[in-house]
Amino acid sequence: MNYQTKFKKIGDKVKIGLTGTAVLLILAILAIILLAVIAGGYKSLSWEFLSQPPRDGMTKGGIFPAIFGMVFSLILMLIAVVPVGVATAVYLHEYARPDFILTRLIRGAVNNLAGVPSIVFGLFGLGFFIQFIGNGIDRSLGQSGLFGQPCILWASLTLALMNLPMIIVATEEALRAIPQAERAGALALGATKWQTIRHVVLPQAIPGILTGVVLVVSRGAGEVAPIMFTGAAYYLPYLPKLPTDQFMTLGYHIFVMTTQSPDIDATVPIAMGATLVLLALTFSLNIIAIIIRSRTRSQLRKGR
Amino acid sequence: MEIRENRLEIKDFSLYYHRTKALEEISMDIPEKKVTAIIGPSGCGKSTLLRSINRMNEMIDGVLTEGRILLDAENIYDRSIDVVELRRKVGMVFQRPNPFPKSIYENVAFGVRMGENKQAKGRLEEVVERSLKEAAIWDEVKDRLQRSAMELSGGQQQRVCIARALAVEPEVILMDEPASALDPIATAKIEELIFKLKEKYTIVIVTHNMQQAARVSDQTAFLMLGKLIEYGDTATIFTNPKNKTTEEYITGRFG
Amino acid sequence: MSLQKKRFRYLGESLIEGNIKITAILAIIAVFLIFLFIMRESLPIFFSQEVMQEITFGKLFHGIEWQPVSDNPRFSMWPIILGSLKVTMIALVFAVPAAIGAALYSSEFAGPRLKEFIKPVVELLAGIPSVVLGFFALIIMASFLKSIFGWTYRLNAVNAGIALGFAVIPAIYSLAEDAINAVPRSFREAALGLGATPWQTATKVVLPAALPGVSAAVLFGMGRAVGETMVVLMAAGNAPLFSFNPLESTRTMTATIAAELGEVVFGGGHYHALFFIGLALFLVTFVINTVSWVLFDGLMNRLYGAKK
């Protein structure tokens, strides 16, 4: 081996190492954020912190109402987004002909929806759900300020709209993984198209749909921009009971406690704790999604 | 001369994939309760012809058909025909075993569950047992009906798929190279089974394997480039073909 | 028994299909409604006499000051446009090499085990809520960077840009990796067979073949960066200065909406101006994303065509 090629080989190794460094960098970012939030937040954590409302002008106490409101809004969001998302994916993959203009339009719309900035969803929620739909309902009921104001319902619907593409993509990926031969098998036995979808296709797509649900919950839990004008409140002295109530939520609480507080020194530790809780939640949800996905993948490999 | 009833008649049937013609004016009568084999070189349209008989071609985009296929004198391509009813009368077994990732029991029960036959639904266990017995797999699986069908061997899966098709009580069974993915022992079992099944069912089978066609079938159709070259008694086709191309193909000079 | 169509079955099936289809069409309606309603709330700037006394389309591009709440309100979008550009560029300068380097490494040089590990790591980074990234940048990273580099202002475009980079790395990575993976194995085998080193194969054959996809990935990341709100709202300092200095406090378009919409007079000029910013964001991200998808889809079709 002459010197030139040897030199080249070393140079190549260095360059490959450099791309490896990029991987390390990503790992480091993840680790640093995690460690910093854990280190900063674990002192604030206690049962009281999780189960009590804020006290003393939000300078003391816990974050329970924010957790409660978050769960409330996520449930409403799921009720809206899962059926619509799954049905859309089923249409695109099972019914639609790929070359039809309608199919392309739907795909384009889904891609586009995925790229709309989250704050624009917030504007839309305000302009459409609250001003247009909400006020419209109020007017027809002869009331004011019931539906035509920020509340959990509108915030959840805004989140649902924003997360629609994610459920669609996850479901469609699951549908794609189901062999065409199984659909043919069912149809050849005299099952109708819908029976085939209902009894052969969808049951196998459940893990994929579940992955989508978990990811959407994780994303919905952390989104602030779409809900800050459509339902989230700084502080509420009571827990929301109805979908038409305003709500506190974890992500917004973190934002408020770090940027809108008159007594930063008192509220930052609370925000630290809240951040740790939110991060722990989204992190575990993402890990669950990763596990479901890798399980179904290895099952696919084994089964067929 | 023996008199045959022709339940399945293919009349001037052509099929296009987009613009390419895959079947050209095929006409043949398929006798009841016999085994009819379709042979021919790869890509000649055997599967296409078979899938035309239960309209499975409709799963594929851009398929166009001309001509008629009659089942009991009804044109199955008529607009008034219910494909679901058709497919319950004309069952199908695929080249690769394609059981659902469900239990063996559920696989066999599937067609009945999807149908409207209340009687069969009420006697589901009986139907499953009878079908598995008919498909000569009962003894191998009777102790593990609740286990996944995916755990079975390829040959067993294929027989479960046959049982699954039998459970809906079809009149015709289409088989597309049902043994090509299997080893010789499993193949022998399937052939034996076909021999038994023709007592009750009209069978159309696609095969690549000349000996298999000669062994199991009563009638043989030879297809090439989408055309029906020769069709007749298996014995005649194999010993005394009228057409030179058929002879060349059968003696293995190409294909 | 006959094969005639069973009406109940036919009806049931088409009812179900119809419902599913209408549901699917909701996505189109949604996009249309978003555009329509953002538009509806920004139109008064162009047509309403009353609103135009306060603000006009011309005023949005006149001068260099965004001072909507004052005796003499000024609505120049230039400082916040510049802010968005500045922060986006800084984010991309940092995120593009990291994401593409990692994508190249994981698809070309990493062993299968390492590969299985890298993807989840990136997914976990993608899973961090932007409010958490904003919090991290605001409370922890800013002080750290300030003490190291001796910054005058703790919160500035670089601080926000880096945190924004964290948010867009996963987006760029996943598209870039898909594009690189779609390059057929035969390309690599041919290059290696001709005596190219793995590095040469990766950079001279694979990367160029995947280039449209990689560009799509960068554009996609750019769309994300322009539209991201919480990170910049919390980490950039939020002063709407018309300044090219990356170490000064800055304010983006998204942050402007988020910071001010809560306090505007409903239906006033400021309110409509904020919707106009939203409209601009919608259109800009629409164009960026569309170009990105066209590039990406084109590449995928070509490469998968080549595989067959």
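Labels A, B and C are assigned to the chains in the order they are written; within every chain, residues are numbered from 1.
The working rule: contacts are C-beta pairs under 8 Å (C-beta built on N, C-alpha and C of every residue); 3 or more make two chains touch, one makes a residue touch a chain.
Because the structure is predicted, anything quoted here is derived from the model rather than measured.
Undergrad: So what shape is it, when you link every pair of chains that touch: line, ring, star, complete or other?
TA: Topology of touching chains reads as complete, every chain touching all others.
Undergrad: Measuring from the mean of all protein Cα atoms shown, which chain centre lies nearest?
TA: A
Undergrad: Of every pair of chains, which is linked by the largest number of C-beta contacts?
TA: A-C
Undergrad: For subunit A and subunit B, what's the span in angstrom between their mean Cα positions?
TA: Centre separation, subunit A to subunit B: 48 Å.
Undergrad: Taking the mean of the CA coordinates per chain, how far is subunit A from subunit C in Å?
TA: Comparing mean C-alpha positions, subunit C is 16 Å from subunit A.
Undergrad: Distance between subunit B and subunit C based on Cα centroids, please, to the nearest Å.
TA: Taking the average C-alpha coordinate of subunit B and of subunit C, the gap between them is 54 Å.
Undergrad: Can you tell me which residues of subunit A touch two or more of the remaining chains?
TA: In subunit A, 192 touch at least two other chains.
Undergrad: Mind pulling the subunit B residues that touch 2 or more other chains?
TA: 84-85
Undergrad: If you look at subunit C, which of its residues touch at least two other chains?
TA: Correct list: 9.
Undergrad: For subunit C, which residues are in contact with subunit A within the complex?
TA: So the residues of subunit C in touch with subunit A come to 9, 12-13, 16-17, 19-21, 23-28, 30-31, 33-34, 37-38, 40-41, 97-102, 104-106, 108-110, 116, 118, 120-136, 138-140, 166, 169, 173, 197-200, 220, 223-224, 226-230, 233-234, 254, 257-258, 261-262, 274-275, 278, 281-282, 285-286, 288-290, 293.
Undergrad: For subunit A, which residues count as touching subunit B in their complex?
TA: Subunit A reaches subunit B through residues 97-99, 179-192, 195, 199-200, 204, 303-304.
Undergrad: Within their complex, state which residues of subunit B touch subunit A.
TA: Those residues of subunit B that touch subunit A are 54, 56, 59, 61, 84-85, 87-88, 91-92, 94, 96, 98-101, 110-111, 113-115, 150, 161, 164-165, 168.
Undergrad: Where on subunit A does subunit C make contact in their complex?
TA: Counting only subunit A, the residues touching subunit C are 8-9, 12, 15-16, 18-23, 25-27, 29-30, 33, 36-37, 40, 83-84, 87-88, 90-92, 95-96, 102, 105-106, 109-124, 126-128, 132, 161, 164, 168, 192-194, 215, 218-219, 221-225, 228-229, 251-252, 254-255, 258-259, 268, 271-272, 275, 278-279, 282-283, 285-287, 289-290, 294.
Undergrad: Going by the contact rule at the top, pick out the subunit C residues touching subunit B in the complex.
TA: Residue positions touching the partner: 1-6, 9-10.
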